[in-house]
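Presented sequentially are two complexes of chain A, the first with chain B as partner and the second with chain C.
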Partner chain A sequence: MHFVVCAKQIPDPETPPSAFRIDEANNEVIPAPGISPVLSQFDGMAAEAALRIVEAAGEGKITVISLGQESAQAAIKQVLAMGADEGILLEDDALQGGDSYTTARTLAAAIEKLGDVDAVFCGRQAADWDMGQVGLGLAELLGWPSAIIAKDVQIENGAMHVQRVLADGFETVALPLPAVVTISNEIGDPRYPKLQQIMRAARKTVNRWSAEDLGLDPSTVGDAGARLKLERLFIPELGGDVEIMDGESAEEQAQQLATTLREAKIL
Partner chain B sequence: MARNILVIGELDGGALSSTTAELVGGASRLADGGQVSVTLTGGGAGGQTDAAFAAGADRAFVSDDATFDEFRSDQWVAAAEQAIEQSGPDVILIAQSIVGRDLGPRLAFRRDTAVAMDCVSIEDSGGAFKATRPCYGGNAQATYAFATSPAIATVRAKSQEPLDPPREGASGEVVELSGAGASRSEIVGREAAVAEGLQLQDAPVVVSGGRGLGAPEGFGLVEELAEAIGTDKAAVGSSRAACDLGWYPPSQQVGLTGKVVTPDLYIAIAISGASQHMAGCSGSKTIIAINKDPEANIFKAARYGIVGDYKEVLPPLIEAVKNLE
Partner chain C sequence: MSVSERDSAAPVHPAERRKKPRAVRFTAAWWAPAVGLSGLGLISAIELERTNAGREVFFNVQQPWIVYILLAALTGLLVYGFARHATLWMVGKPTPGLLREIPMRARNAVRLGLGQEKVRRDRYAGIMHLCIFSSIIVLTAVTAQVALEDDTPLSFLHGDYYLFFSFYGDLFGLIGMIGVGMALYRRYFDDFHRIRWDERVEDHIIIWGLGLILITGFGVEAARISVTELQGFILEDGTQLEAHPDWARWSFVSYVIAEALGILDLTQDQVLAGHTWMWWIHVILAFGWLGLLVFTRLDHMLFAPVNAFLLRTDAPGRLSKIEDIEEQEVFGVGQIQDFTWKQLFELDACVRCGRCTEVCPADLSGQPLSPMHLIQDLKAHLADVGPEVQRRGHVGGDVREVARQEMVGEVIRDETLWACRTCGACVQECPVMIEHVPTIVDMRRYLVMDEARVPATAQTALENMEMRGHPWRGTNLTRESWMEGLGEVPVFDGSQDYLYWVGCSGALVERNLPVTQAVFRLLRESGASFGVLGQEETCNGDPARRLGNEYLYQILAEQLVETFKARNVQRVITNCPHCFNTFRNEYPQFDGRFEVLHHTEFLEGALADGSLKPRHSLDSSVTYHDSCYLGRMNGVYDAPRQIIELLPGVDLTEMRRSRSKGLCCGAGGGNMWQEEVGERRVNHVRTEEAVGTGASEVVSNCPFCIQMFDDGVPAIQPEEEGRIRPFDIAELIERSVLGENGAGGNGAPAATA
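Our next item is the complex of A and B:
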């Protein structure tokens, strides 16, 4: 079995709101000083799901792929430290920027180049743009079936059994391999690599592929190929204008709040 | 400019879902005189065409095949493609639901176009369509222009208004869709959620407690407030910090890695308002914050607030709510 885990490096979503800044001229998030980027939380869970299957089966290879800049090596190394075997960084000026479409297209080309992949594990969404479409896009481009927002994944007799999270429960879906699955937080926290594993990961191979290596025309990937053009990134005006209950005592404030909610027809 | 819009409808217990009515209402405004079509698939779909026309649709693509009651990507994509081919939409709207999260990207890649997920507004700029959506866990919003057509958007529940009043008695064209086709995926099991009563995502009011409660017993008062509002209206949520401490079940966690809720009213008690928590509740219509720290981030998102210790504020608030007639 050969599994691919897709991993993205993102600004730390735990960044305090007061440190979250946007460069509106360039539609970019300004990295918060002193806060390092991290592996997108759901991608760590995707790695966890793949590792559990390999461990249960006692065999299998996991390749972690990241599309990003040089710094994304850290996200790859983290998944390697968790137990993945090899890494691939898709890094090239032509591949930078872009949208979910170009990301899926680039990752699909890498998976096709690997050639022998049985299943792809993605996070349910990247915790920066929160789109949640790269896994499905990959599946569509590769011509594979998929299931999303999984809390458990098993592989039995050449089929993937995915327990999907629904609004009112769970559903188990069987998919023929090869297939794509996206993992949700219900799977549980990803393992925390031990020091020895981190040291071992430093020696694992990380290959680097460019648009040319992938046979991709630069006009179809990165910013040039994007289909959703980001026009404006901004910090929204929150509900704001908070009205603080100004009664003298907690009792008065509580009564004031109840009355205000009734008058506003909220309660 | 007149535009053709296609809404991928969903049924809820055999009836037109409230989100579908919202999307059709939003579509009829966006269409600006163009045609609004809606797909209705699943058991009893044929009986919902009048509801769809009253909600603002001009044409309904219908299949009564109960196979559609369950979501299988391949079958829903094929049904949507039939409706697309017959209606030639400029825009396709889909709810940001269990169905839409899967169908939106699948359909966009199948039709060689693009989808913007979880949109809170869609506008026709005369040229390209534009969609605005929250990102970075609700810390930011992004507006995108679609470079390809049709523009596909999955839309957050309650972000569009249904027609008010509905067009009672309106009629429209009914087009039969073929039944569900082949599916590569097979549903082999189903399990209901263990939580009883009102589900967090369905509740019109969510009362949540955080680490500032100081001890798991604090959730007793949080639950009492929810009960005073009504067990049929209010559900209890928790911040991740409180769940991580084992004070409340993880199934009730609101936030980026928990449930995303969009109630009419969200009451945050002793919750600071970290980004990852706001990602789960910033779509609420009204937020109330009760926190002893006046600088807490939650007050920036709140409409009403009390600066004080929840132990002192909640008992009289519970009484005051009970006394509301």
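Our next item is the complex of A and C:
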């Protein structure tokens, strides 16, 4: 069996709020100085789900794919250290930027290029923009069935059995392979890598594929192919006013307060 | 240990220079009366008695040569037994560095082994041991002299020396009886819990055996005296032994017994028969007892001094470096043969006295770690698998397949290893110099790096160090948040004298920010030339190393040593005792040699030389909590106490456990980032002790300790009124030097409260 884990590198969600800056002119987040980007947590959990299946079966191969910049190698290495077999970085100027659609399109092209993939594991959403669309888009573009927000995944007799998290419990669905599944945090924390594996991962070479390698027209991917345009990115200004109620006695002040609140249509 | 670990350039701390030789005084106090009495005996023997005193050694014993057969048998047994022990130790890895620092090792063997310095940390046991130990040494010498007199051409047991010989033989026999009596009392009549934690039949045999040897020894002597020296006796060959009661009195114990025998009105034949029986019982008991050396914990008589010789000569706070970590097949210790042979030797030295467990913060809180049982479990495991490992090591075969049980995980459970605070209390107390902490950390290394079995919260801390360069999750602060409102904060550029190292806790944990600011204000006030690194600081790796991730530690340490060198750092002042210990004791392993001071030491110096002036009386009663890594690991006990003395209006009440006996706050060894398992939390136990002093503030100097107290106080004192308040010593000094609002410095008029 051959599984693909899609991994995204994101700005560290644990960045202190005071260090969070944005460039309003270009609608971009300014990376906080001295804080390295990390693997999106849900993607680590997706890798954990795939690894558990391979471990239980005693065989299988896991390829981790990331669409991103050079630095995303670190995210790929992290999944390799957990136990994945191969890593592919989709990196090319033409592939940069874009939206959920172009991401799904690029990943789908890479998965088609791999050819023999039985299942794709994605995080339920990337922990930076929280769109949660790439997994489903990928399934659509590949023409495969999909299940989202899974807390447990098993593969038996050529079918994927997925426990999906619902608001008041969970449901179990079965999907024929190949299929796409997105993993939720209920699956549990990703494993801590063994040192042997960390060192093995460090020695592995990560393959790089460009838009051309994937046979994608540069105008259909990255910024050029994006259909969703970000109009404005800003940090909302939160402010407050304090008004001290006049009045001789507490009673008077309370009356004043009630009147003011009523005028402001709060009461 | 490797060459790179040796730290000859380690600065001598002011606190160390002031250490008082207390132990020496105690030794002298004990030995003086015994040596003095013997000396008096010698002088009086020479001065008062001009005699031809002496005795017929085997006057009443047939076939005394059987003794030499017993001696040969004992020697054979000892050789065989210790060779067997040694083959088990040799399954371990080589122990590098043992032949370095021989003079210091020899001193340790004498001071800690023969001088029993650590045994005396329990005064009762110390006196008991000195009694028994000195008695065994002297009486062995007495016996050897008898053998020499009888079986060699040497002849010296006569005249003045014989009388003196009789005197000190009895004196040390009596001293031995006192020791045995103390041992028996503690074992059977005193409510002394820790010797019953793992009590075995051999413990009774050893002490009763020794007691009987001494009793029969006196009995034999009394019978001989009764017949020969009190009554006079004719030997088989017709020699007439005249009665000499004046000689007999020198054997003052046996003399009294002999006189008492007289009351029983026994015939000479009865006494002689009793003498023969008693003599043989005495001899057989003595040889049999020495044979116990091989089978029982009596072996500590030999192993304790040897283990003292093997004891590390470098800082106790230093963990070993795994050299060439990327080329290791096993990381840390997963199986018995992964230990060094010194670590295996230690297992045999353990006497199950329970002192380690008695002071272990985990055990005190009902958590699943008892250092004594850990060592004993490893010892049993060594006996179980050692012979087969040794055989396969010789004839071939997979050594790693021998054990039927996983050593790490089954013999020693994960939670046992995680409960260790690396506080070093067990190592400090161990009378036979076992080093539990490195053994525990070695097994943690295996858990983390080889097996990747880490408690979830500790895993998060490790991942944070790896990804974010600090162990704290979800911090709202940056490394420069503490600088707000302090005016200009100088950046260290290599031109200043000191780098002020704030540390992750000092910069990122809200409670510790005021401490960082206090130290900063005081440094500025003292006129010291210093700078900070701000955003460029990263974790120095201490929590990673203590949690067992040596690989991550090495990466962090190497990076930081590079940063320090690039910035031309020579002297560092740290906020945190853990940073302090790592820089001072462990960075030399990475070729990082810096002069390192904890802020406590620097501020003490500044107060002492007048660059900081305590202007305001604090009117406060405090108790001082020794952090493990400043105290036990680095011996800084006096500086903080001197500071407290120098501050006006501060009363110090010590807790029962203080200085080298101080109890850990519970956070050490990466436990800051773990959920505690067990009956109680360590910080609650320690907070209770602090509250018990009645002080209004508990003062420490470690960000972890302060957080632990902050957490413990509301649990111990639910009422907000009258709670004890935890402070760093720098905050205390700041209040006295700069006033409550931190603005009274710079020569501002004294506004005494």
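The criterion applied here is as follows: the second predicted complex is superposed on the first by the 235 of 267 C-alpha atoms of A that agree within 3 Å, B and C clash if a C-alpha of one lies under 4 Å from a C-alpha of the other, contacts with A are read in each partner's own complex, and residues count from 1 in each chain.
We take it that contacts are C-beta pairs under 8 Å (C-beta built on N, C-alpha and C of every residue); 3 or more make two chains touch, one makes a residue touch a chain.
This is a predicted model, so every value here is computed, not measured.
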(message) Which partner chains sit in contact with A:193 here, chain B, chain C, both or neither? Use first/second/both/neither.
(response) second
(Q) Quick one: is A:206 in contact with chain B, with chain C, with both, or with neither? Answer first, second, both or neither. (A) neither
In this superposition, the partner of chain A with more touched residues, chain B or chain C, is B
**Asked** Thinking of the overlay built on chain A, is A:33 touched by chain B (first), by chain C (second), by both, or by neither?
**Response** second
- Task: Please work out whether A:177 is in contact with chain B alone, chain C alone, both, or neither, and reply first, second, both or neither.
- Result: neither
Which partner chains sit in contact with A:104 here, chain B, chain C, both or neither? Use first/second/both/neither.
first
Report task. Applying the touch criterion given at the start, work out whether A:136 contacts chain B, chain C, both or neither, answering first, second, both or neither. Result -> first
First, second, both or neither for A:18, with chain B first and chain C second: both
Dual-contact residues of chain A, meaning touching chain B and chain C, are 14, 16-18
Listed in rising order, chain A residues that touch chain B in their complex are 11, 13-18, 20, 22, 27, 29, 41-42, 99-101, 104, 127-133, 136-137, 139-141, 145-149, 161, 166-176, 185, 226-236, 238-245, 250-251, 253-255, 257-262, 264, 266-267
In the complex, the residues of chain A that touch chain C are 12, 14, 16-19, 33-36, 38, 189, 191-196, 198-199
Within their complex, chain B touches chain A through residues 70, 73-74, 97-98, 101-102, 104-106, 108-110, 113-118, 128, 130, 134-137, 139-148, 184-193, 199, 201-202, 205, 229, 256-258, 264-265, 273-276, 278-279, 282, 286-289, 294, 297, 299-309, 312-314, 316-317, 319-321, 323-324
Within the complex, chain A is touched by chain C residues 326, 331, 448-452, 454, 456, 459, 462-464, 467-469, 473-479, 481, 535-536, 551
